[in-house]
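Presented below are the structures under discussion, each in the form of structure tokens.
Heads up, the next two complexes both have subunit A, just with different partners, subunit B and then subunit C.
And then the complex of A and B:
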């Protein structure tokens, strides 16, 4: 163990302590404060668990998680199979399409859904106009609407993880099963699906935990009784009622503990179950089947169905982006470019902030992530597993937990929250695992003998890194960089707690324009702009990373 | 050698740049400054910043740097000023109604300043205080706790806008009303307090139970309510800062103000903090804010104006864009022309029981919302059956007494399950009575 490595590890630990452990400890301390006194105790927790209302919000959240997971799995399973196995034309376009929901914040989709399916939305207005109904139908307000929008948003996670699973299966295993007589559906159920479970679980955990972190989408539909939503209301609107605030913080701590626990259990399970096989007959593409005409037609029909669902949101956002005052009419009537003019000329600040904050966060990410990946994969430095563990855990932490703890920790003492640097810092911490996983994977693929050769030839560690490792790592790192940037670019659940006047980003702008400025056109234009920007970035990584699927999934949390 | 030369240059340039930035920082330190703290909407602070900066530059030939701190709703803002312990980080407390300013005055956190045009603001309006007689605070942007409706949707539904609080209970408006939770919005809290002070505590809560059964949904804040009504998703919204209708109209939504029969005035006011670090600029700002020019920026920021001598029609001719929307949303030419019925509002009482009222609403109405509705709907069903039986000549005396008991349990005791049970008993009495 070299001294340099120990020193490096100490620096990284110091950063983690300052930006993760220190603020989260504030969150926990605050949750033990007893309102109206200077004392600490477990009263808030007792109250929380004794109160049937909070139990209800908890079971509601759990139930939502189950429903969304079921819906995404049912919708996603056939699609993933089609994408992974059948040789069909136009697959690439569809793959790109189904990634669309990931690039947009979930609530932007909820807004679009209200415009289209609301009581005075396009569908209801048309039905009324045609005389098919006399009163608007409630299409979306309620649990069903919430499940629908979250399913749409989270579908890519399931499809990407499952299709990665289908592709990774050694064809010889399935062929062997077929020789033994397990054909078609039986083979699928007994061989293919079980082999996919580790991959599936990786995606399923993200989907299942989502309702524990997304507080905004339920609120848009007028549903308050979910754990993160009630936590948000209790914390943000407590005025002078400290008890309300502490109970809100307790809800945040409880959801964080649940998220982390489920995440860790599934992680262990996956590691135990991981089917490793010495591959003999596999290819990079996995097993590809030439489908018959019937299957081809069915597959296309299904793909078109999903594409229509997924395209609904960007279409509605696009229509509103180029129009104004689209309200109480089935379609926009007043077309304009004014929304974009406003964004570019009058408030370019939002665009600038989005790029600057995500960019600075990215620089932090690289400065931290590369050495961290190096330490974890290449050295025997003590505590490297713990380092990996803490960083990976950030995947499970709800954004609201990071936001609130940053507000608590960095106001006095270390007053970072009074400076804009808090925005990129929080983005960096929240999205760090995305970059690290990618750098990590690239390091694992890099043959260590190359580095050793350089060192034998007299190059020191730093020089070896810059002249040998870095150029070889670049591809993987670059994909990680772009993915990190994308995820930072669309972050809102932490940022909304920390932003102050002048620090608004595009996602915050969308939220404010829908909620405060009333004018949906500007929000639509901002969302449209986000889609365009992120889509360009996705295309860049697909060029470098070889296929959008692999590139995006490689770093978006699919691998632990 | 060459390398070294370059390195030397880079170091020199860095040092030079460092000094430049230090000098610039120095220059900035000498710049005129003013700080505001308060709960006003961003649109207003943006508008006032722009207006005051222009005015300052034009009048004094210098730039002024404005900082605005908005830590939260008004109680949080007051807490912030308290936390400064007499050494404030701002000069002006900008926004919030009389309760906030009365607390600040009582605790000695603000100081009096007599405005140059003190007389242009009314002392009182229909019994409500608009400025402090001791010059501590004055209202620069008055508004009324009001309701809101979507003209177009109500027209399609062929429904008249409900004019009074009681009219909102009419079954024709069921599921057509939206409001937020009193703990998610100060204005909604005040609306509940208005009910309690208008009808009496017991009757006020009974009213809120009945009203809750009329709601389509709860929104997440008063601006969310405005938005839901503007889009027509729910056509009637309760507990609105009055200017929200004006701002929504500006954005092209067919909404109008709906003044209830009893309400309160929120005299959004301004005051100078004690030991203000930039006292001279604070005074300049206060005088500007109440000048005709300053008031125009108030209106452009989406708030109504406080001067008595302002006519929206005159400003429309001058090209003040917002004046038209203000006139259309209010239906009068000056804010003070509104005819409003005010409740004799006890500020101290309201402040004292703030958290208590919020909690009662949360525990007894919001959390039991479903149970509440099913209970009331059953009572209404049975009441209908009793009326029908009465028409047929059935003896309904006992059933009538029972259903009255059920209603009592529902409205005044808030015992929803018990009320349901009693209603079922009344129904069985009715069936028994007809035999």
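And then the complex of A and C:
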């Protein structure tokens, strides 16, 4: 064990202590404070679980998680099977479309669906115009709408994890079942599906936990009775009312505990269940079937249906971005570039902030992530498992927990929150595991003997890293970098707690403009602009390599 | 009539012909091995018998029933057992459930299933391991699970696709004999695929050697070794010396020819196929190292004695292995210890004309 590695690990631990452990412990301590006194106790928690309202938000959130998981599973299962198993032309482009929501912010999707399916939305207006209905149908306001948008947004996680499962199954396992006499659906149920469960679970956890982290989407649909949403409202709007503030913090802690606990349990379970087989000489693409004509048509219809729903988001946002006063009309009537003029000329600060904050966060990410990945994969430094554990845990922490804890921790004592650096710092911490996982994965693929050969040739560790490892890791690292940037760029749930006048980013701008109610065109234009930027970055990733699919999957832990 | 008949089987993958109009008959109760280098089409042929691959043309007839030409019979309906190269033991099921899977699909009563599984597990030495998951077993044990699963339904045909290639050398040798005696005891017609010639020799009643999608020779292990039908077979099975030359003289009544090679003297060779023996024809003579006799002094009254220099001399335990330079051709020869000549010294080798074969 070299002294350099120990030193490096100490630095990383110091950063983790300052930016993760310190603020999060602040959050927990705060949750035990009793309003109006200087005392500590579990009163807040007791109140929380005794109050029927908060209990209801808790069960609502749980219920939403179950519903969304059910919906994404039912929709995703056939989709994943089609993508993994059938040889179909144009599958790549359809796959890219279906998976697009993984990089789109959920709030952008929510806006688009309101414009299209809302009470005064395109669909209702058209139906009224054609005389098919006499008064607007409530397509989306309420739980069903929330489930709808969450399902559309989270479907890619289920599809990706399941199709990875279907692809990774050694074909001979299914062939053996065929030889043993199991055909068609029976084989699928007894062999294929059970073998996919570890993969499925990885995606299912992300989907199920989402409602515990997403406070914004329910608010957009006019719903507040969910754990993170009520926490946001209590903390942001009632911070002068100590009691509501503390109850809000308790809600954040409860959400976080649930997220972390379920995340850890599923991780344990997946690792235990992971089926290692002696696969040798199997094809990379797994078992590919030439579907019959009936199945082909059905598959295309299904894929196109989902893809169209996804396409609706950028289309609607685009329409509202290039138009003005799009109200009570199924389609815009007045076209203009005014919205963009406002964004670019009158408040370019938002764009600039977004790029600067994400960029600085990214630099932090690289400076932290590469050494961390190196320590975890390549050294035997003491405590590296714990390091990996703490970093990975950040995958599970809701953004609201990071935002609130930073707000609490970095005012007095360490007053980081008074400087704009808090914005990129919080972005960096939110996406901590991201870059690490990418670098980690690339490191694992890099044969250690390549590095050893350099050392044998006389290069020291540092030189080996720069001459051999880094150039070979570059591709994977680059994809990681861009994904990190995309996720940081659309981040809102942490930033909303920390921004001050002059630090607004594009997502915050979208939120504020929507919040004011009147400026939907500008909010739409901002969201559209963001999607365009994300899309350009995605194209860059897919050009560089790794494929859009792999890139998106690297984002499995992505939450806002 | 043969139990399995393969008729004009043809299969293409893209532009690559994997199996090229193969004809083969396999008798009831026989163990036949498809032997060849990777990519020769042996596994594809096996997978066609199983029904896991559909041929582009031709048919496989099992027990008088065509598998392809009169409507495709799926693997599930063929009453076959198969052992895969990577075993394909289902990791999410216990050993018992792996083996019982096929029986349960036949809707046999639970008691019968239990009895049959216990019986077959005992016969592959896995008694008492039924409750384990495959992940808790060694590679060799997983292999036995696969074998038990393939045999438990008492299939008409047992198909084995390189079943031993993932095992270590010691275990592999042991399993060859175990599989052979097990299959013999159960009288199951068996098709075995391997690229390992030693394995094929041990396990088979007959071997079909395949090359580039064609069967180039079918015969007992002894026939294949002693009378290879082609250069390819001679080269693939065991080790041999090839000596290129041209037919110089034919001794028609004896089935022998003189071949002019790089040696100063002409080489007397046996011709198995008289069509090979045309004057001035370019041919290859093949002789195995163990068929070469080595002498310190030239023996009297024999033909095909050549003088050479020892280039390398290796001690291999039960014999000496020599690389002998004879007039710019390198000959490998097996010799006994009484040859004391060192590297660089001269010796005499005798190429027995009966074992020096002219091959196409």
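Note that the second predicted complex is superposed on the first by the 550 of 560 C-alpha atoms of A that agree within 3 Å, B and C clash if a C-alpha of one lies under 4 Å from a C-alpha of the other, contacts with A are read in each partner's own complex, and residues count from 1 in each chain.
Here is the rule we go by: a contact is a pair of C-beta atoms (placed from the backbone, for glycine too) under 8 Å apart; a residue touches a chain by one contact, two chains touch by 3 or more.
This structure is a prediction, so every number in the text was calculated from the model and none was measured.
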item	value
Superposed partners subunit B and subunit C on subunit A - clash or fit	fit
Partner chain(s) touched by A:327 [first = subunit B, second = subunit C, both, neither]	first
Partner chain in contact with A:461 - subunit B first, subunit C second, else both or neither	neither
Which superposed partner A:43 touches (first subunit B, second subunit C, both, neither)	neither
Subunit A as apex of subunit B and subunit C, Cα-centre angle in degrees (nearest 10)	170
First (subunit B), second (subunit C), both or neither touched by A:191	second
Touching partner for A:179 - first (subunit B), second (subunit C), both, neither	second
Gap in Å between nearest CA atoms once subunit C and subunit B share a frame through chain A	48
Contact residues of subunit A, present in both the subunit B and the subunit C interface	none
Subunit C partner contacts - residues on subunit A that touch it in the complex	170, 172-173, 175-183, 186, 190-191, 194-195, 197, 275-282
Residues of subunit C that touch subunit A when the two form their complex	50-52, 74-78, 80-82, 84-92, 101-102, 105-106, 135, 139, 142, 146, 149-150, 153, 166
Interface residues, subunit A side, partner subunit B - complex	53, 114, 118-120, 141, 219, 222, 224, 233, 237-241, 244, 324-325, 327-328, 501, 514-519
For the subunit B and subunit A complex, residues of the former touching the latter	41-43, 45, 68, 70, 72-73, 75-76, 79, 152-153, 181, 183-186, 217-221, 223-224, 226-227, 230-234, 247-248, 251-254, 354-355, 358, 367
